[in-house]
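Labels for the chains are A, B, C and D, by order of writing; each one numbers its residues from 1.
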Amino acid sequence: MSVRAAEEPLHRALGLTDDELDRIVGLLGREPNALELALYGVMWSEHCSYKSSRLHLRRLPTAGDRVLVGPGENAGVVDAGDGIAVAIRIESHNHPSAIEPHQGAATGVGGILRDIFTMGARPLAVMDPLFFGSPDDARQRWLVEGVVSGISSYGNSVGVPTVGGELTFDSCYSSNPLVNVLCLGALPVDRLVLGRASGAGNLAVLLGAATGRDGIGGVSILASAGLGGGSGADAIKRPSVQVGDPFEEKRLIEACLALLDAGLVLGIQDLGGAGLACATSETAARGGVGMDVDVSSVPRRELGMAPWEVMTSESQERMLAIVTPGAWPAVEELCRRWEVRAAVVGTVTDDPSGRLRVLDRGAVVADVPASSLADGAPLYDRPLREPAGLDARRADDPTFDAPAGDSEADLCALLCDPSWVYRQYDSQLFLNTVVGPGADAALLRLAGPGLPPSERGVAITTDSAPRWCAIDPRQGVALVLAEAVANLACVGASAVAVVNCLNFGNPEHPEVMWQLSETIDGLAAACRALELPVIGGNVSLYNESTGADIDPTPVLGVLGLVEKLRRRPPGMGWVDGDASTVVLLGARRAPGALGAPGAPGAPGAPSPAAHPLGGSTWAVTCRSRRHGALPPLDLVAHREVVRLVTRLVADSVGGGDGLLDAVHDVSGGGLGVALAEMAISGGVGVRVESLEGHRELFSELPSRIVVATRRPDELVGRARDAGVPAELVGVVGGSRFVVDGLVDLGMDELAAVWSGALRARLEPV
Amino acid sequence: MATRVGVVVFPGTNCEHDALAGLEVAGARGTLVWHTETQLRTMDAIVIPGGFAHGDYLRPGALARFSPVMEAVGRFAAEGGPVVGICNGFQVLTEAGLLPGAFVKNRGLKFVCAPTTVRVEVTHSVITAGLEPGTRLCIPVNHFSGSYVCDERTLAHLRASNQVILRYLDNPNGSIDDIAGIANDAGNVVGLMPHPERAIDELLGSADGLALLRAFVSSSACVRAG
Amino acid sequence: MRFAARVEVRLRPGIADPEGTTIERALPALGFDDVRGVRTGRSFRFQVDATDVETARRRVQALADRLLANPVIEDSELEVSLEPDSGEP
Amino acid sequence: MRFAARVEVRLRPGIADPEGTTIERALPALGFDDVRGVRTGRSFRFQVDATDVETARRRVQALADRLLANPVIEDSELEVSLEPDSGEP
């Protein structure tokens, strides 16, 4: 690195292109000094500026009746009713987790929490979609173990329950695991606060941990360029991994919420990527004001830090608050009470061009327009190209592969109980968790310290389908949104808003940009069809290993609301007793397909298949077949099924007469896995008749929800009225799991396979 | 007047609001007591709730035991006042020497958040008074260092003097002798790893914890009256 | 004078050390079948100001006994030495 | 021959050590205002069988690097010595 630095001009070493340097010179009307260049380097990085994705993100629909704050702030906020607003945000911490899984994941949790309480919301729940390579490899097990323990140790200690997530294994993540973290918080509507500075003469106050040389990473090139910093060559070797301190964060949460409750803060912003450089320039730019920051006032953890180190450090657990000079003594006092460090590090100025000036003991060492850092990065319209051979891949469909194989063994191979992961998470704190991890969606009471009383509930789910998105990102992401909305319906919640984390490969590869663009178009269209706004998100690019990009992995978090939460929803487990009947809601066969077993299918002319298997979990896991045509999705029909189920479940959750004994959507692993999970969860067997072979057992055709009821006639009537197809498929009871002609297993065996699957892979020996 | 229960809050404690909610359902009035407090005279009973006092750094409870409030808790207990430590609170009480034994990491070396079934063993403690011995309660645990250990003499003494008040039926952490909760000799100081305040409503999956909280509230009322 | 101190805290012999056992169990698969008897502990390093090494040692011992180790289950072992760049107060 | 090994794993200098910081902050209240710079670590003790001390040391180093420490944020320090009651193979 130092060799490169010697040969390379400084701006390139800092990650800026020659054109970007020219742009900076144009903005400033002069050459930037080294510190200024460092500020642009971090602020114009892909991570901070979204320069490759911003043009595309604009195509997402963001408006909605309930939306109080859309994308662009630290978190999206919706009005949940009863004077309560809900804030939500999702983020990735992929790259740090790849080299130090425990701390990488832990600091990911810390960062997402700050995004929530910076809005004035108390963080109430976390979810963690995770993606790794095959757990049969020891390094992957080390990653899984470390990431899960990192989330567990930080989340549990800071006192925010982790109520769900996802766990995906695929070789494309071998050198680049994905660690996404979603956080949901709630606030009294009138405590909503934004990250902006205002009022010349007001103070910029740094709260929380002392600043060290954490995560300076790429910028540490400055040290080797001979531009100061007491650390010299040491800094270059310094890893850009930070150690999280949940105890500091816990105090910081309490202190910040207390400051906001007391009305002592005008604006507040967390310090995340690019540290103080980002927090000061963004708050100033959003408020249209200037700011002076004196680095010598910043409490340090280490000796001899240079101004660029202080400005770009990514030390964790810090916040920047804007307060009036009159309020400062009260702020200090409150912070002392919570044992949180507070220091005035700057002042808001009325500089007409909104300049950020960095001072060192009074001497100006950098002077640039704040908005040029925060919003001035060039937006790239990078070239797009559809990956070669996609049509051929879609045509290479496994649906009519012969022979069918052993369906019983296949079903067992698809069963997996993720509780190995979520038992390590406190999922219950705050006494809100009505449905925790292990179900279709988490369902929480909308309550917390300081919130107005309410009977409402809030539901949340995260979903993804990278295999589908690799075949067809546009259709794939629509299927993901459809599944998420169905998941919410299963706990009686209506979807109200979407956040997304777009994990993609290298944007300099036109194929990756095409995937990104297609994903955004697919998400935008699906959101419009379902009338859902996107209220926030995060883009993580450069997820690749040795030149190979990961499968496109958009992860969606969807928020739902329940009007009255008085009783637990039926859940996925059915109950024994007087013959509960299993009913499949939604079209049993793909539209346009003939429906006869094995119908129109010679290999090579697979479509329309009644029970498509392209891209299915079965095809990938049991047959190593990654390609094929995605199942069709009719969002209008989907909406009807989802509405019906939401109504039925919401009715029983609200205290009404429950028509359903159990409910679960058909997703990964198809009907077979859905039925098996319902049986295992209820501890009661089932007899399912006349399925159309293994295809119907494993197809992941969307828009289907399985329910159990003791009043099938009434249910079928309700479905007919709603225009939703409904078919009786089996009868609950006994101690065997039977799908005629395909599977016949004792419940004990089935449950043992399910509960042992993950442990066996993660803890061999 | 309702029984007044002081709920001790250290920096890093996180179950204090849940404890308040549980006490309220059980009929008491809870008040948060910050760890720098040195007076507990206005309280009828004390709860040390769960969480991560001082981040659980060093060892769970190791730093918390030096907080000013702990001297007051010691005096309160010595005078016969009812004191219950839940989870992290139990760890604090052992570190402070108010209960015997210590905690090590769970067997399995992982944090465990899961429902457990415990059996009420004896009923002379402030949290089990009035319950039937043998009663089974479904109450969740939530801890990393929840494996109770003590030397053989201590264990023999705990058994002989009926101080083991709750035992796990499905020991989730490797605790010696399946111990989920113990009391001191007098029965007024109790520690338990399961979280009764997390089981106060069928909506949350179980209301079994209320039996313990109600017993605690009514025995605290008795102590005050007597 | 400033002294450098190191305190190592370990579970007392006889107290199970599942972490040590787990590491030991994983070793053969990693090609370390020549290692046994793994016991884990925690270490603390810090500086202590004292007039002489004896006082420093007593202070470190006190800190270990009162805070760093839980005597119910743990033992501690300490080392105290003059800081190289010490001398000034 | 059998050797006794001790490996101490610590966060690299400059990496934040919240546990050490928290302990240090608590010390003055306990009467230890003469202590500073607390850094925490993990220690491992075990026996290793090897033909000579050099080989033993190499094995211990390999174990520390591969399993006990993550060199991205941690350093390890090791001590290897002949077990007193060793000598026989």
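Note that a contact is a pair of C-beta atoms (placed from the backbone, for glycine too) under 8 Å apart; a residue touches a chain by one contact, two chains touch by 3 or more.
Small disclaimer: the values here were computed from a predicted structure and weren't measured.
Between A-C and A-D, more C-beta contact pairs are found at A-D.
Each chain gets one centre point, the mean of its Cα atoms, and the points for subunit C and subunit D are 9 Å apart.
Rounded to whole angstrom, the centroid-to-centroid distance between subunit A and subunit C, based on C-alpha atoms, equals 41 Å. Subunit D has its Cα centroid 36 Å from the Cα centroid of subunit B. Residues of subunit B found to touch two or more other chains are 54-55, 57-58, 63, 66.
Subunit D has residues 18, 22-23, 30 in contact with two or more other chains. In subunit A, 245, 247 are the positions where the chain touches two or more neighbouring chains simultaneously.
Judged by the touch criterion defined above, the protein chains are all mutually in contact, each touching every other.
Listed in rising order, the residues of subunit C touching subunit A in the complex are 25-26, 29-30.
Within the complex formed with subunit D, the subunit A residues making contact are 99-100, 103, 209, 212-214, 231, 234, 238-239, 241-245, 247-248, 301-302, 315-316. In the complex of the two chains, the subunit D residues touching subunit C come out as 8, 10, 20, 23-24, 27, 30, 32, 34-50, 59, 62-63, 66-68.
Of all residues in subunit B, only 11-12, 14-15, 17-18, 21, 51-52, 54-57, 110-114, 140, 142, 144, 195, 197-198, 200-205 touch subunit A in the complex they form.
The residues of subunit B lying in touch with subunit C in their complex are 58-59, 62-63, 66, 94-95, 101-102, 104-105, 107-109, 149-151, 174.
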